[in-house]
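Shown below is the structure under consideration.
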């Protein structure tokens, strides 16, 4: 069901502008090539508006953040917003420092990402900050049966943040949670080794941008497809591991798997549950 | 014929100073090691003149450009120019934004690269900018039979830019074009997968710097040899690809191939056509 | 004997904050994962104190240094010093430029690293600079028989620097030298290919930080264990090299080897000689 979003991405060959960190930029660039997109990674405030104009989508990743890069992020997001290009926001390390949380909050007040993707601790922090002086809220979701008990927090935070921002929210974890505040999806694809390399999350955000940019009419399904695709690539890479292989080989196998992934494989391997959010107190 | 330039590089072990982007810096560093050189990648204006003094050649790569890095580039190029060390200029993304094109133009007015390497769109943009108020020109080449019809533009732009700047110009493409404005070489080595990884062009620029620095008396042949070497490594890497391999493995195989490349293999696999440029209107 | 320090590191799972260069940051991050730690690589002065608060140890690496990053390094080291968290200082390129040497000297006057790791030329430069106006000295070691004649300089510089700073000093080379000024260890593990990739030294510094942070009561042995572990991984990676493999594959195999390394393998393969420093003139 979700495989067609990869096929569309390979057809569209979107150029994705990423303002990202220098630790995983190379992996993200090669992962974008692997899923049929092409990367552009300038981060200078003087030119990001021009570059957004040439691109199909924008990834904003807060790793190795500083003042200058943040200024470029705001300008790029503003340019993307004016031209209705999708923005994927990856609030790396939100909650880890005062300035980082504050910048993430500021970013959400100045732009409207199509998708916000993070791990639970990052999404939890964002679910609790004010956005445009909207009151903090969370814990609104009474009607969703979490497939595992410890997803209660993921569901609460992601639905709360989605409602507050109007963005699709993705919480990465052993089971990934994706929601627009109304529908919620649980993706069971993935491999434990994804937590043993740097850049798993950054690469997932990049792939989401590529998929959403290539499938603008159905961002929720496209984001779900991207999450499935990354998880499936993790599984394929995990199966390929030999006795002497470790996390460096896994990283290569992960990107290789995306390079070789096709619609049929996604359709066959996807493991997604979809539920509606029933709000009792909204 | 071109293999000896690699042998010289391995003998000279040049230290190459690169002011480059953070996306592909690691790949460029390992590719420099692979061809017998060693990398140095400082980019702070306060020290680049000192570092150029320790180096045999300088690569200037405009990816992830900003004001501070550009200042360092100008100072490094000035230091390299004063001590007659070769400069290879890679105008990544020229034409992609106003500021980027403007900085590329400014760089060419303030320094004289030994080699300028880019793809056709980048070289075309540079062929059309003013350099030291020299009038824009192009399309001078009437006497070269392009081996393929769509090389007309590559030939026009590269010869025009070479004449205007006095630099050797390399246009990367399915067939690479190398010219000093008088002689023109067409290199047919390469592999389609080179377009599926980040850093192919950056790595080629790095290898050109290593080869030209180690063969200062014949920069045109050394640059041609570097282009051949990269293309041949692409072919070797392409042949090594297994069913599960993708672009991540290709990147590793490409660098591995350079590490194992020798003079004989270049001489055996090189596919180069050389023609003289006959100018009718100059 | 030294294997238990890896086991402790895997148990402790320390988060290591690294302010490092953009050339090898990705390799260092994956190497930290491989030895059981997790990486954090922010470098903005506004937040490093917060991040140090969350971390178990700090790596300061002078590659791709600039004013802003140096300011962050000083603040991070100050924060680490206040909370008694280990600092590992990697003075990449000290001696290569005036400003770089000067910043390295300034760093040593403003902080007290637990470990300083560099190659001989870097350590030699630091052994000759003033630290807190302590007079320059070196060549104090009369009582150590160097296992090879050309280690005289490594021993002199490392012992001199250790005495001057109170830090443990590691000199990487074909035989690695580790000393706290009283005891001196010679590690014979390693592989020639470690000199053919970028980041060998940076990765070793990262691993030292992970080991020392996880074994705070015995930093000298923990640092020795980290040096052994890296050398052994070099040997394992070297043995894995196939005919077509080059330095790119070696880099992957090196990180893979750390990922799979265990206490028994270290204990079996470690090649360490320990001597006491007998100072005749101190």
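General remarks:
Letters A, B and C name the chains as they come in the text, with residue numbers starting at 1 for each one.
Rule of thumb we're sticking to: a residue touches a chain if its C-beta (ideal position, glycine included) is under 8 Å from a C-beta of that chain, and two chains touch if they have at least 3 such contacts.
Model, not experiment: these values are computed from the prediction.
Here the C-alpha atoms of chain B line up with those of chain C after a rotation of 120°, rounded in steps of 5. In summary, the pair chain A and chain B forms a contact in which the copies contribute largely different residue numbers, shared numbers making up under half of all those used. For the pair chain A and chain B, the distance between C-alpha centroids works out to 35 Å.
Those residues of chain C in touch with two or more other chains are numbered 22, 26, 251-252.
Contact residues on chain A toward chain C in their complex (touch as defined above): 21-24, 26-27, 63-67, 93, 96-100, 196-199, 244-249, 251-252.
Those residues of chain B lying in contact with chain C across their complex are 22, 25-26, 29-30, 33-34, 39-44, 46-47, 50-51, 54, 68, 240, 251-260.
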